[in-house]
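When the chains are written out, they are named A, B and C in that same order, and each has its own residue count from 1.
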Amino acid sequence: MLRRALVLLSLLAAPGLSPAAAQEAPPMPARVVSMNLCTDQLAMLLAAPGQLVSVSKLARDPMSSAMATEAMAYPVNHGQAEEVWLMQPDLVVVGSYTAQAAAQMLERLGTPVLRVEPAYALADVPARIRTLGAAMGRQAQAEALITAFETRLAALREEVARRPSAALYYANGYTTGDQTLAGEILLAAGFENIAGARGGGQLPLEALAMAAPEALITARPYPGASRSEEVLMHPVVRRLRAAHASTANTGNDWICGTPFVLRAIEDLAAFRKDIETETE
Amino acid sequence: MSLLSLQDLAVTLRGREVFSGITLNIHAQEVVGLIGPNGAGKTSLMRAALGLIPSGGKSSLAGLTPQQRAKAVAWMPQAREIAWPVRVEDLVALGRLPHGDHAPAPVEAAITKMGLEGLRKRRSTNLSGGEQARALLARALAQETPLLMADEPTAGLDPAHQIATMEVFGALAAEGHGVLLSLHDIGLAARHCTRLVLLAGGRLLADGRPEEVLTDDLLARGFGITAYHAQTPDGPVFQPMHRAR
Amino acid sequence: MTRALALLLPLVLVLAALSLSLGPADVTLPESLRALFLGGDGPLPMVMREIRLPRVLLALMIGGTLGLAGAAMQGYLRNPLAEPGLLGVSASAALGAVLAIQTGLSAAFAMALPLSALAGAVVAVLILVVLAGPRAETLTLILAGVALSAVAGALTQLVLNLSPNPFAASEIVFWMMGSLADRSVLHVWLALPFMALGVLLLAGVGRGLDALTLGEDAAASMGIDLSRLRLRVVLGTACVVGAGTAVAGAIGFVGLVVPHLLRGSVGGRPGPLLWVSAAGGAAMLLAADIAVRVVAPDRDLKLGVLTALVGAPFFLHLVWRSRGERA
């Protein structure tokens, strides 16, 4: 029994014995598997028909993914090395933090793995598109996406007369500051973030109440309940949110550095205009 | 006056009949010793009389409400259990619980009677076995009931403490109380009880004055022993000698 | 009123005031008290009334009832190691609460949360009382507690891991360690009726527990109805532990340390110990809740971490002593 298992193991490990295989990545990989929510979406935008073999399970979750409907067309993976290996990919795309054990295993087995860092700022979005486009052999598609993104972003960054104060407030009382993707979305939409220049962290409810931001942007609750999200229903939060007729939420457009962040900025800017007309 | 009246009392524990047909009366001014071999049901008899375990027949106490009963009889289980390090005076004062008062007079009287004045502030869990027995007896005295029932009150005590304890019961009887005790020490029973009840083989074998109960025949039938006995100016003396053949 | 109570109640008041004055918003105590009672402009009254006041009230209520329940359980089981947290009662209540939340029952009907936690606690206390009996052997008691805690903890973790909510899985720590951060007045109202009922039930057990000092038989002969006493202790403990756990998670060791520390002050009598323990429990939890905010102001350090740090050495000390008694 043990011997058979060992034989099987050595068979599995065999491709790893020739490291040369890893370097011979073809210019346009025919079978691409993405294992990360954000690369899933970029890959779906960039891929040639039939090129993308699988996306992560999260890509189909409308709470997290801006392309949940599109993702229904692809088989999903669950971030496990074995299932991905069996898909025989020419390129595996992962985030730089998630599924690391699986990524290392796949590299050992000789599959080329591309690690894409998350976008920390709006300026990172074109860079990520370019990186993935190059790896997938879809440079032209990538450049077209980038041009469209930058044109629309420039149009959105209009000058605003007054920047209403705002706070982003998530489960467990977390907030994000200017130097994050969400923070930049907030700035681009014409708000001033009470969390300021810092990256973010836990914002005590009390500090939030004392800062009394004009607009409070919270995350939509996930299905199923959690204690972490309970703070978003706290009377203090409800009162701040109830200050205006319209409300704004962070959502799937906010999570990844994809062109969909533009939609988030547009929605938020509309929210700001609602507030401005209310106060006039 | 009858303080306890049992009629045709029977107890069955886990399907086994312990005893049946027990009819017994305890009166004021009596110290009644309940004797019998191990397993004869002395403890069960007293607990059934109190209504603490289910029984057949009738007990004059079992019909009372728990509160009424607590004012009619004080009960000292054999296990000298003291769960918490309470002060001796607080332990004795527990005897007032059924009365719902904190009357200091009965507590003080009980402390004096049991010679606990010097120990009153001590933690009862730190006392010696003899001192604990005295404190627990004082607790029962503070309950001020007409009847006192005690299971093996002299077990584990040295001779001086045994005699002192039995003398307290004698004094209680002289004051007009009734006392029912289970005892293993036949000599002590003979010397200090006004009446003995012999329980053996699930029956009440004898009920009478000590010399009527501690006959050769009844000792052989009840305990399976022979005893040396003598009459002294100070009262009867019984000393178990051999196992009967 | 005993001397211990005369000392503890002012301490509780001082700690409550200190807790009210503590928070990220930098305001003086008089200012915050004025905002609390008189209101006024700006966000301060809201901070005081909606954030700090519920926190202090819950610390008082939960700490007080944990002290009370600990004293009652110890008195009934006649074992100084009996404690709702240690014996898995709190963990079972947490399981009940988690089930109510994850099945959506508490969203449909708010009272389902404390009720379900209460049910979990009742089951646990019943198992303990039946298993360990009224004269609880330390070994039986502790083993039963370990088993109950393990089962309840595992089931809680299972339920949370199966939840579709990404945050739920990480919340086992809250349920096992407890926290008062960001609780609102809603939580106070949720817990209050059950705690009041529990306190009412436990308020009547003092005489019975005093009598139980001498053992069951002696207590029964003194007119104590033992089955009613047991019912009161079981339901009363379950009510307060269930309600407390439902809103603040399982906070351990308060019910162990406080009665142990204060037993001497009431001459060891379990009846008077109940109320002294309640005051002591309130003081201990207020102090712990102040400490978590002073030690780590911008992290949600769990209350149970502190109570365990204080309580576990006590526990070991008691185990050591009971070992010596058996030898």
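Here is the rule we go by: a residue touches a chain if its C-beta (ideal position, glycine included) is under 8 Å from a C-beta of that chain, and two chains touch if they have at least 3 such contacts.
Predicted model only: the values in this text are computed from it and were never measured.
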Joint neighbours of chain C and chain A, given as chain labels: none
Greatest separation from chain A - chain, by CA centre: B
Cα-centroid distance, chain A relative to chain C, in whole angstrom: 42
Averaged-CA centre spacing for the pair chain B and chain A, given as whole angstrom: 83
Distance between chain centroids, defined by C-alpha means - chain B, chain C (Å): 44
Shared-contact residues (touching 2 or more other chains) in chain C: none
Chain B-touching residues of chain C, taken from the complex the two chains share: 78, 207, 210-215, 217-218, 220-225, 263-264, 267-270
Of chain C, residues touching chain A in the complex: 23-25, 42-44, 46-47, 50-52, 101-102, 104, 106-107, 163-168, 170-171, 174-175, 181-182, 184-186, 298-300
Touching residues on chain B, where the partner in the complex is chain C: 47, 50, 52, 65-67, 69-70, 73-77, 79, 81-87, 90-91, 94, 97-98, 123, 125, 136, 139, 143
Chain C-touching residues of chain A, taken from the complex the two chains share: 171-173, 201-202, 204-207, 209-212, 222-231, 234-236, 239
